[in-house]
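The chains carry the letters A, B, C, D, E, F, G and H, assigned in the order they are written, with residues numbered from 1 in each.
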Amino acid sequence: MDLKKLLEDVKNNNLDVEDALEKLKDLPYEDLGYAHIDHHRSLRNGYPEVIYCKGKSDEHVLGIIDKMNKKNTNILGTRCRKETFEKIAKIYPNAEYEELSQVLKIKNEEIKEEGKGKILIITGGTSDIPVADEAYYTAKFFGNKVERLYDVGVAGIHRLLNNRKVIEEARVIVAVAGMEGALPSVLGGLVRVPVIAVPTSIGYGANFDGLAPLLTMLNSCASGISVVNIDNGFGAGYLASIINKLK
Amino acid sequence: MDLKKLLEDVKNNNLDVEDALEKLKDLPYEDLGYAHIDHHRSLRNGYPEVIYCKGKSDEHVLGIIDKMNKKNTNILGTRCRKETFEKIAKIYPNAEYEELSQVLKIKNEEIKEEGKGKILIITGGTSDIPVADEAYYTAKFFGNKVERLYDVGVAGIHRLLNNRKVIEEARVIVAVAGMEGALPSVLGGLVRVPVIAVPTSIGYGANFDGLAPLLTMLNSCASGISVVNIDNGFGAGYLASIINKLK
Amino acid sequence: MDLKKLLEDVKNNNLDVEDALEKLKDLPYEDLGYAHIDHHRSLRNGYPEVIYCKGKSDEHVLGIIDKMNKKNTNILGTRCRKETFEKIAKIYPNAEYEELSQVLKIKNEEIKEEGKGKILIITGGTSDIPVADEAYYTAKFFGNKVERLYDVGVAGIHRLLNNRKVIEEARVIVAVAGMEGALPSVLGGLVRVPVIAVPTSIGYGANFDGLAPLLTMLNSCASGISVVNIDNGFGAGYLASIINKLK
Amino acid sequence: MDLKKLLEDVKNNNLDVEDALEKLKDLPYEDLGYAHIDHHRSLRNGYPEVIYCKGKSDEHVLGIIDKMNKKNTNILGTRCRKETFEKIAKIYPNAEYEELSQVLKIKNEEIKEEGKGKILIITGGTSDIPVADEAYYTAKFFGNKVERLYDVGVAGIHRLLNNRKVIEEARVIVAVAGMEGALPSVLGGLVRVPVIAVPTSIGYGANFDGLAPLLTMLNSCASGISVVNIDNGFGAGYLASIINKLK
Amino acid sequence: MDLKKLLEDVKNNNLDVEDALEKLKDLPYEDLGYAHIDHHRSLRNGYPEVIYCKGKSDEHVLGIIDKMNKKNTNILGTRCRKETFEKIAKIYPNAEYEELSQVLKIKNEEIKEEGKGKILIITGGTSDIPVADEAYYTAKFFGNKVERLYDVGVAGIHRLLNNRKVIEEARVIVAVAGMEGALPSVLGGLVRVPVIAVPTSIGYGANFDGLAPLLTMLNSCASGISVVNIDNGFGAGYLASIINKLK
Amino acid sequence: MDLKKLLEDVKNNNLDVEDALEKLKDLPYEDLGYAHIDHHRSLRNGYPEVIYCKGKSDEHVLGIIDKMNKKNTNILGTRCRKETFEKIAKIYPNAEYEELSQVLKIKNEEIKEEGKGKILIITGGTSDIPVADEAYYTAKFFGNKVERLYDVGVAGIHRLLNNRKVIEEARVIVAVAGMEGALPSVLGGLVRVPVIAVPTSIGYGANFDGLAPLLTMLNSCASGISVVNIDNGFGAGYLASIINKLK
Amino acid sequence: MDLKKLLEDVKNNNLDVEDALEKLKDLPYEDLGYAHIDHHRSLRNGYPEVIYCKGKSDEHVLGIIDKMNKKNTNILGTRCRKETFEKIAKIYPNAEYEELSQVLKIKNEEIKEEGKGKILIITGGTSDIPVADEAYYTAKFFGNKVERLYDVGVAGIHRLLNNRKVIEEARVIVAVAGMEGALPSVLGGLVRVPVIAVPTSIGYGANFDGLAPLLTMLNSCASGISVVNIDNGFGAGYLASIINKLK
Amino acid sequence: MDLKKLLEDVKNNNLDVEDALEKLKDLPYEDLGYAHIDHHRSLRNGYPEVIYCKGKSDEHVLGIIDKMNKKNTNILGTRCRKETFEKIAKIYPNAEYEELSQVLKIKNEEIKEEGKGKILIITGGTSDIPVADEAYYTAKFFGNKVERLYDVGVAGIHRLLNNRKVIEEARVIVAVAGMEGALPSVLGGLVRVPVIAVPTSIGYGANFDGLAPLLTMLNSCASGISVVNIDNGFGAGYLASIINKLK
């Protein structure tokens, strides 16, 4: 909203006071009662609205998609159960689904590649893949080149070191690890780009649902590392995209 | 080390096998017994070595500085007690000290400004300043334009909103907050650049030495946010610098 | 019980000692073996007895309702599973049920509006609605004007600020939020009425079943805020009602 | 700020556009570099600015007081060390100090009694008094009738029950308790007014710096209770004042 | 085993050295491979062996009962699932089962009443009954007079105070409470007998599976209270029995 | 207070209503403002009042002793700093002090031995002695035969087993242990008397201020064990005394 | 890989530079996309690759086995669900399965006994057997003599002491215990061989999923003890094997 | 003690029953009242008694040394403050002290080298040295060849990889690390000998006094690793010695 323009309109009597007052309140949120959809977020933040499906009823998810779809933006859903997707697919035949990572995609317009470099998604183990793939599909959906390098944890340090070339080519790295979560620390010492660490809730007993790798990553003695929430693949992919698009 | 060159030298008999073997092991670490100084780190990572002074005896700190100084690199010390600084200053008259944030600086060469944009350091309250200043001096030391905006916490949301211009100009934001740590969440919704969140150990009872704002920041429902360790101003400043220098 | 009256009756021989002793013990609790129903609580506290259904067998719930219903008071049940409600509805055709929030209502007498102002229930997100609705139906059942404003979390601060009018009209605010739980802090800075904060167990990994927003709310640097237990919509609605009825 | 008035002034050419734009940004915050003082907070919230002294240097505290004092408002400082007070008293001879609770008071105008009823501050033990007194002096400073009832914890339930009259007269109760923190639960069953529970960090081993009474109070099975942070006497006194002034 | 007698037998050549050595090792444990049954425990400790059924396969439970039953002792099983009981009942027709508390009883000999006084089992709420009943049936099975007083929590303090007579008659009290767990503190101030506190995992959010009442009880400022594990009704009933049988 | 007598006095006009009302409130608490002393507690509970000195100012401690001393009861102080004792000793020459355990004793009347058996205080290590001695002096002060057996932890199981005779003679055992806190479990298997377990905050890193032995003791698979708070020697000695005096 | 040989080959022109470069990268990892199999690990570490099946899809597990099996090594799978095993057994008829401990074994070559002594697996209770058996089958699979001694916890210390002979014969001991986890402490005092402690998640309330025995074991005051993760039978069996094979 | 011999002596009338009984109790513990010294521990466990000095008064430490010294064994003291050492040195001129690690050594007999291989002590950083040195001096004192490799943490992985030769020569490795504690995981993948992991309490905020590296190490996905308590250098050195002496 152009505040100066509005004030000038008031001054020039192109807009009366009551209408101006109204306009000042009339920001582009759409109120569904159970949700406020922010259609201008793509404007403000350069990205479409994202639906975090978990904890929402199928009716709510469908209602939100309905409103969004009318604006013809691209729509990304995370933590979308397969049953929910199947209901969606009946209405929106262009809906796509990644089963392992539970990512829903509805593409209403071409995705333009806007990232400046390549994002690399790395995992310590095979079990971290669902979280890593959530980051992967998120970053791709927001217009980035993304590569994957999975199961290269520090217990077999050669697996990691043998892939130094692909690691060094990345502009942003997303490092996903459960168990002891030491992967980002080793990566942080090898590269000079930002490393986004994602702890996962994978592991034996004292993993405590991801607390162990979370603390490991926060305490990393390597620099250039920051951490997102446990299992938060979306958050990591989104942040990687923001960094990769910095001009 | 150029592996191809080395192999060609061997092939061309410019280097014999034993020497080649030796060279492969001869990486530029200097072993002081109590510390391995990584002189090539500036080469590999684009930055000078940093000394985390806490928990090291003054003798160790001085010994490390001595070795570094011979290479004529710039030296940054964090968590440096005033007494330690005073011993250092007697030997290195060009040493500088920031008392509030306990930052030590020895500049042996000009700091070149290499960052592409501006880094903004924001705090929720006055008590967060020591941590925020550690981030500030770190980012400046590594060649960035850095600005400060202090005491604009969410309990008085207007203080923050009134500064939207300076906020929107930043290329990277470091948000430092104790108490409930909600500042990064609000910032994350206002901008489209990376927000590095730093929880501080400032606060009443159930702050639990920074655990409360740490959890708040990890759980932020805004996107584009990642978190470093409690009170880790250096880590935030360093990461901000890496991001700001991305080409 | 009027102690003075009782003593005068003893003095005047309208009541003999043994009967007086008996009366002093004869408080209006009804003992079902597995539960003590407090029929005079409505008298003492101005409210009907409330049944927390979770963890009670259907037989116990029905037994408690049976006793209460004979006194013709209004009955509120929380955390009432749908199967339990269906058994209840067969016996008490006037029973009503709110499915999302699992609230049971049996109205045996008109609900009088006794609150002096309006209670506002706000949520940060869509997933917080079940807890928020428990507060909503509780506050309404106890005779208050209640309004709802849902999905206005701090990550999109404009959604909140655009609703300042409805916020400023409230006499008591119940702020329900999961994830990082920063909503009450921002509200606390905007209004001069009590804000009752309700953390919910909604969120990714390090939410730790509501611990994260709980700590956030306890550590709020805004004033005028107090906190109830995680997911405790009933407690918040009840307290809001008490405050709203203060003369 | 009256937005409608401003727009009308623009319309009527009493205010030109640039000045209006400026005014819209010119909110009454005063920027000291290290702190933003909110002089209009008393206007917006009905209360003077409060200084939380802990973690601020004496220079910062004095600087903040200096700015405030020029507005002639009343000033309340909490967690003010005795040494800090002594420096303040030299400059502001009307400064007063409560040693046990570390409360600082500078009265520049008469305190008007605006509360509608009486606030009662209760403690479980003698050791809870410093926290309770912080609540007491806060509530009094903001214009309320306040009474104290100390050392009436539940381990000697008669001490509490013998004081039912004073308890029942209160319009708001602040219940301060360490150890197991059961006092608010018993109070909640006795009265029909809001009970603000304050856990304190007083106690043996598994008290864990106030965690034990904090959890007790959050889990109270009595209704009408809400909780503030551990040792947060100020927060409780402030909230009690807000509730007591509700019309 | 009478060591003196054994040594005298050796001396008097009534027992040769090898047999004595053997006897010294031949303690009355029966080794089933997966379990060591301690048949003499009833001798040493005055009680039959007890089977904690949870986490054992039905085959293991039946195997243990089989061995025990041959010694004709009484057998108590705790946390016994209904399906397990039904298998047992087919083989041991005298087996009895308490469904709510999952207690299994096989009486092969008369239970003699050996306790000196009365044990009282009290609960704060209705939901605590399964744990309380485990204590109740345990104490009865080991030969004690036991009484129950349920749903008399501190939020309605009169329910408790109205039952002072039955409370004062007890020689040992078992106080079972979830939620905030304040019941034992109030009891501890009313009586001069031991109070065994049992926290239960009943409650809303920040109960944290019984951690809240556990901490409350450990921190009780009343004396004469000690605590057993969360939901450990058996442990409380067993300890109450030991105390009640003290001569 | 004899309620029946009072009512009869009212009936017989030996007491008028107002005086009776007054008497009903006139319970024998003495209100010092900062403390309610319960002079009749010795009557109700068979014990003198105990002063927990920690967290009370010397003035408060002296004030409480002054009031108590006038009733000529025996007085026990715990966690009494040496400096406080020295002030006390100047006024009350019969005051005694145990330095290691910080126990204060003022004997105004003969201590009668009322316990039926012997209480045994056992520690796992030498460092647990201060807590164990608090239990020892408490139990002796309340009229019991008490014996000590120190430094017999389970890592050298023979030290414990070699003392079986003294262990088996006890009527109540107080087992004090830090580190891993396994002592009570082994004791619980050896005896058939109540074992009161006291975790101490002694130990290396993951002891977490006593949390480790606390959890060990709560989870003991031996029966007949209950637990008091970390370092709570007084609570254990007091409870042991109550049990030992049971008739 | 023999680096010296490679360099000599380059020198002697038996290998050209590009091929040498290639070889230096060509380490024997096989990349399946979702997993990196380390075929040379048996070479480097003396053991076959182990599959941690939990959290991997059946397709992934089968894919990994397929690659491994082609190398004809022995294969051990842990946490393998029965349904997964059944799919495996259809393809690999020599696959074996231990149901209680969920261990999968495919033997493609004879297991040679290489351990120097005997490994003893001890449990505190019957419920710890699944974890203990995972250690047992692991240690056997890697070529060790292994013995089992189950259900000899410290609450009946004689069960343990009666088995001192078998305990003293072991070269390495794996001690598995839930509940309070005191078994390793007592063992540590009895033997002079390494004791590997495994906490299990078996137990009542405050066991907190194995946290209680974990802390107990870490805090053991006996020496010669170290700890692996909660329920990590495999890790204990593997480490015991490494120690037992030390020459 | 030779039980068979004793029994034969009884049989042959070389020992009468009372004396035999006495002997059976007369195990070689010396009771100082505040401590039980186990002189035969060196016999049973192959090592001298060790004194954990922290938490013991100087008098107690001296008393224990006095008794031990009379047996002419070697004595090791850990966590010995310098002041305590100075008192000891006055009495025992052969006492030695390591200041950084607070280790006390009194050598009354030659230390024989009995270990079969070499023990390697590695640290992640310079600040971990005090803990590492405690392990170093312990292992040396018990008769082992020990080497040190300090400041080779995973954030500069080359520092570690460049030292592979010394790493591969070790028979047992003690890996000491604070911060994120990832060092043992990387080591575990490089060697086939036991790795004893020691978390230290070194680090920024969310290290939580060593909890972070403790959890990291417990959750290590490398095998052959076990963990001792936070900062427990002694325990690691002692266990390393036991393993290194295995025949």
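The criterion applied here is as follows: a residue touches a chain if its C-beta (ideal position, glycine included) is under 8 Å from a C-beta of that chain, and two chains touch if they have at least 3 such contacts.
Keep in mind the model is a prediction, meaning the values are calculated, not measured.
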| item | value |
| --- | --- |
| Chain pair showing more contacts of the two, A-G and D-E | D-E |
| Between chain C and chain F, centroid-to-centroid distance (C-alpha), Å | 41 |
| Averaged-CA centre spacing for the pair chain F and chain B, given as whole angstrom | 53 |
| Gap in Å, rounded to a whole number, between the CA centres of chain H and chain F | 38 |
| Shared-contact residues (touching 2 or more other chains) in chain E | 156, 204-208, 211, 214, 218-219, 223, 229-230, 235 |
| All touching chain pairs, where touch follows the definition stated at the start | A-B, A-C, A-D, A-G, A-H, B-C, B-D, B-G, B-H, C-D, C-E, C-F, D-E, D-F, E-F, E-G, E-H, F-G, F-H, G-H |
| Interfacial residue positions of chain A with respect to chain B in the complex | 44-47, 50, 116-117, 171, 192-194, 196, 214, 218-219, 223-230, 234-236, 238-239, 242-243, 246-247 |
| Contact footprint of chain F on chain G as seen in their complex | 124-125, 153-157, 161, 179-182, 185-186, 188-190, 203-208, 211-213, 215-223 |
| Touching residues on chain D, where the partner in the complex is chain A | 3-4, 7-8, 10-11, 13, 16-17, 20-21, 24 |
| Chain C-touching residues of chain A, taken from the complex the two chains share | 25, 27, 29, 33-36, 38, 41, 52, 54-56, 60, 199, 201, 209-211, 214, 229-232, 235 |
| Interface residues, chain F side, partner chain H - complex | 126-127, 129, 150-152, 156, 158-159, 162, 202, 204-207 |
